[in-house]
C-alpha cells in the first residue's frame, strides 16, 4: 500500500510530467516513429506512396556515393580528439584570474554564435588559391606552390574539418572550463609542491580528473561530427559534396536525396543506417569510458 | 537497477516496433487519402472543365524566390492590376528566401497547403514534374496562353508531350573583362576576344605579364557537347552516346587549360561564384556569366566596375543555341483552382509584365513581343545597358539545358562528377569518357526502369 | 549550493594566485600573448566581417585586404536598416526567442524534476525513450511537424514557430542532472515545515538549479535566434519573419551586397554575445552541475 504522501507525490509527478511529455510525444517521438517505416516506402511527399520492402536498403548498399559519404563521415571523426585536446588547453589557458580573462572567454565563444553562412564566406576566402592562408604559409616557406584547399579532393574534407574545429572549440572550452573549476585545486597544488612541472601537472593530474567531461564532450562531438551538415553544405555550395563527392557526408547526402530529389523513402533508409552506426560507436565509447570507473547518467 | 532498465529497454523496443507497424499502416492510409485529393491527370482535366464558369472569390497563393524586398513595388503593382481585371480572384503573394524554398514547398504540399502558382528554376520544376506534381500546361492552358513565349524556352520543361511551366525571366550571358588588367598585360582594352582561341591567347598573355588568372570555365559542359554536335543520348533516350571524338577533343582542350594553369583549380568547385569574387577583387580578368552580376560588381567593387568592358560571349560554334538559366512559374496539381492559377501565371509572365520587369532589373523576357520592344536595342554608355543589348539579341536561341527526362539531374550530376575528377587530375580524358558513360548509363537505365 | 560553490571557487582561485612576486610578473607575460593569439584565431573571420561592415564604398574583395577600415563608416548599417524593416524583424526575433526559451524552460523544468527526484512507475521507460531519440534518425521530422502544426491551426503564428522546439531532450537531461545533485536534507526540512510538493519544487529546488537554467537559456536562445528554415516554413507573411531568414534576402542574386551582409550578420550576432556576457558565469557553473552529477 502506498502512503498518502507517496500517492500525493505520484500524482504530483505525473502532473508535472504531462505537459512536457505530451509535447515530446507529438514533436519528438511521433516524427521519429512516423519516419522509421518510411524507409520501406518510396515516399516522395508529392506522389503516391508504395511499400517497397528492403529495396531502399539494397539500393543504399550498392550506392557508391552513399558508401563514400559514410567513409567521409567516419573520417570526419578525426575532429573529435583534436577538438578535445585544443579546447582543454584553451580552458586551462583562461582558467586564471588575470585581468580581462572574461573578455577572452567571450572572444573564444564568438565562433560558436557566429552564423555558419557568415563564417563560410570568411573561410572560403581564406582557403582560396590566392587567399591569406597560402600567403602566410608561402611566406613562412612551409609550402612551395599555393594549394586550392577546397578544390583538391585529398584536402577539401580536411579543410572543412578546420571550420568545424574552429566553430566548436569555444563550446567545448566552456564545458572544460566548468570541469576545471570543479576540480579541487589541492591536488594540483600538492603536485606542484612536489616539484612537478606545469606540463606534467596538466598531463598527469588535470586531464585525468577531467575524464568525465572528456567522455561527455567526446560523445557530443562524435554525434555531431558524424552527422555534420552545415559546414559541408555551405563550404561546398553550389555543389554539395564538391569536388565530385570527395566531401560528401552522410547527412548532406541524405538531405540531398530528401529535399532535392524528393526521395524521402530512400533518405529515411539512409538515416536509419547512419543511426545504427552512431549507436555502435556510442556503445563502444561508453564501454571504453566506463572502464575508467566513471558514470554519468544518475 | 541496471537489470531493470535493461528490461525496460527491451520492452520499449518491442513497443516501438509495434508502433512502427501501426504507424506504417496509418501512414499508408494517410498517403492514399492524400493521393485521392491529388487528382490524377484525368480528374485534373475534369476540374479544369468544371471551372468553365468563373468561380467566385478565388484566392491564388503566389510564391516567388528571393524577389523581395527589391521588387515589392513591381510585383504588388502587377497583382493589383490583375485583380482589377479579374475581380473574382484575389492573389496572395509570398516571397521565400531561395535557400528555404525546397523545404517550404515540400512541407506545404505535405500539409495540404499547396500554393497555386510557384516560381521555380528549371531543375526543380522538372523534378516536381517527374513526381507527377505539376499541372500539364499542354493539356490545361489555352493555345493563346502558350503561344506568347519563345518556343525553345517553353519547351525547356517539356517531358514527352507535356510541358510543365511557363518560362518567366532569364538572364543571358556576356563577356565581361577588366580593362585595367588588359592594359597591365599590354593588351588593347578595346579588343575583347571574338572566339575561344583568342580568349586562350589573351589569358596566356595576362598570366605571363601579370601573374593573374583570367577566367573560370563555367560553361555547362553537356550543353557544350550538344553544341558541338554530340547527341549525348540516342533518339529514344535509352543509351548514352558520349564516346565520340568530339567529346575527347573537347575534354582534352578544357583539361589543357587547367594543365597550362590558365584556370585556377578553385574554379572547379567554386564555379561562377569564385569567378565573380575574384573578378571583383581585381584578381581575374574575365567574367563570362549573366549580366545581373554586374550589379554586384557595381555595389561591391565600384573601382572594378568603372573599368569593366562588356562584349558578346565567345562561342564554341557560331550558330549554336545558347544556354541560359531560366526562371519559371508552375502550377502544382494540388492547387484547387487550376484555371485561375494558370490565368495568373500567364499574366505575370505576359509581354506587358515582363517588359515592365526588365525595365526594373537587368533581366530578359521570355515572350516574343516583349523582346521586340525598342528598350532592348537602345544602348546607353554603361556596362549594364550594353550587356542588355548584347544578350537581348540572343533571345531566340536561348534555352535551358534539359534532356526532357524524369530525374535527369542524376545523369547530369554523374557526368559532371567524372568531368571534375578529370579536371583535378584524377583521371585522363579517355578514362573520364568511359567512366562517365558507364555511370550515366546506369542512371539512365534506372530512370527508364522506374518510369516505363 | 550555488553560493557555496561560488565561495569555494573564490577561495580556491585566491589560493592559486597567492602573490609570489616572480609568478606575478612571469605568468601574465606568458599567458597574455597566448590568450591574445588564440583570440585572434577565433575572432579572425568575425573581425574581418566587422571591418568589412565598417568600410565605405571601397573594394571589399581587394587583395591584399585592408584590415582596419579608413575612414570608419556606419553607412552600411544605416543602409541595411533602409533596405528592410530590420527593427521589425529584430522585434519578431526577440518575441520568438523569448517565447521559445520561456516555454522550453518551463516544460523542461517540470519534466526534469520528477525524473530526477521521484520514483514513479514508467520513469525508466520515459528515460530510455528519451535517450533513444538522440540516436534514431528523424528524416521526416520537418514534414511531420508541419502537418501537426497545421492541424493545430497554428500555421502562420509564432506559437507554431516555437512549439516543436518547446521541449528538448537535451535540456531535460541537463536540468535533471542538476536536480539530482541537490541534497535530500533540503527537501526533507521543507517538508517538515509543511511545504507542499509544488512549493518545494518552485521555491526551493528551482532556485538551486539556477546555473543549469542559465545554460539552458543560452543554448535555447542561440537555437531560436539562429533558426532560419523552420520559421520560413511555418510563417507565410514576410512581415512575421525573424532576423535570420530576413537576412537571407541580402544574399539573393539581385541584391548581393557583401558589406550589407557583413553589417546584417554583425547586428544578428551582438544580442547573443550580450546574453552570453550576462549569463557566462552561471553558464559555467551550470555545466559543472550537469556533468558532475
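Going in written order, the chains are labelled A, B and C, and every chain counts its residues from 1.
Here is the rule we go by: a residue touches a chain if its C-beta (ideal position, glycine included) is under 8 Å from a C-beta of that chain, and two chains touch if they have at least 3 such contacts.
In this text, all values refer to a predicted model and were calculated from it rather than measured experimentally.
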Chain nearest the global centroid, as defined over all protein CA atoms shown: A
Taking each chain's C-alpha mean as its centre, the one farthest from chain A: B
Centre distance in Å when chain A and chain C are each reduced to the mean of their C-alpha atoms: 17
Geometric centre distance via CA averages, chain C-chain B, whole Å: 38
Cα-centroid distance, chain A relative to chain B, in whole angstrom: 34
Multi-partner residues of chain A (each touching 2 or more other chains): 34, 36, 38, 43, 45, 125, 130
Multi-chain contact residues (two or more partners), chain C: 63, 129, 143, 251, 258
Interface hub residues of chain B, defined as touching at least two other chains: 16, 103, 106, 110, 277-278, 283
Chain C residues within the chain A interface of the complex: 9, 12-13, 15-17, 27-28, 31-32, 34-35, 38-39, 41-46, 48-49, 63-65, 106-108, 110-111, 113-115, 118, 120, 126, 129-130, 133-141, 143-145, 148, 163-167, 169, 172-173, 177, 180, 197-198, 201, 222, 226, 244, 251, 258, 261-262, 265, 268-269, 272-273, 276-277, 280, 283-288, 291-293
Chain A-touching residues of chain B, taken from the complex the two chains share: 16, 19-21, 23-24, 27-28, 31-32, 35, 38, 102-103, 106, 109-110, 127-128, 131-133, 264-271, 273-274, 277-278, 283, 407, 409-410, 416-418, 420-421, 424, 426
Complex contact set, residues of chain B against chain C: 4-5, 8-9, 11-12, 16, 66-71, 92, 94-100, 103-104, 106-108, 110-113, 277-278, 280-283, 292-293, 295-296, 299-304, 361
Residue ranges of chain A in contact with chain B within the complex: 33-34, 36-38, 40-41, 43-49, 51, 124-125, 128-130, 148, 150-153, 156, 236-239, 242-245, 259-262
Contact footprint of chain C on chain A as seen in their complex: 8-10, 12-14, 16-17, 19-21, 23-24, 26-32, 34-36, 38-39, 43, 45, 90, 93-94, 96-98, 101-102, 104-115, 117-119, 121-123, 125-126, 130, 132, 135, 166, 169-170, 174-175, 177-179, 181-182, 184-185, 189, 212-213, 216, 223, 254, 258, 264, 267-268, 270-272, 274-275, 278-279, 282, 296-298
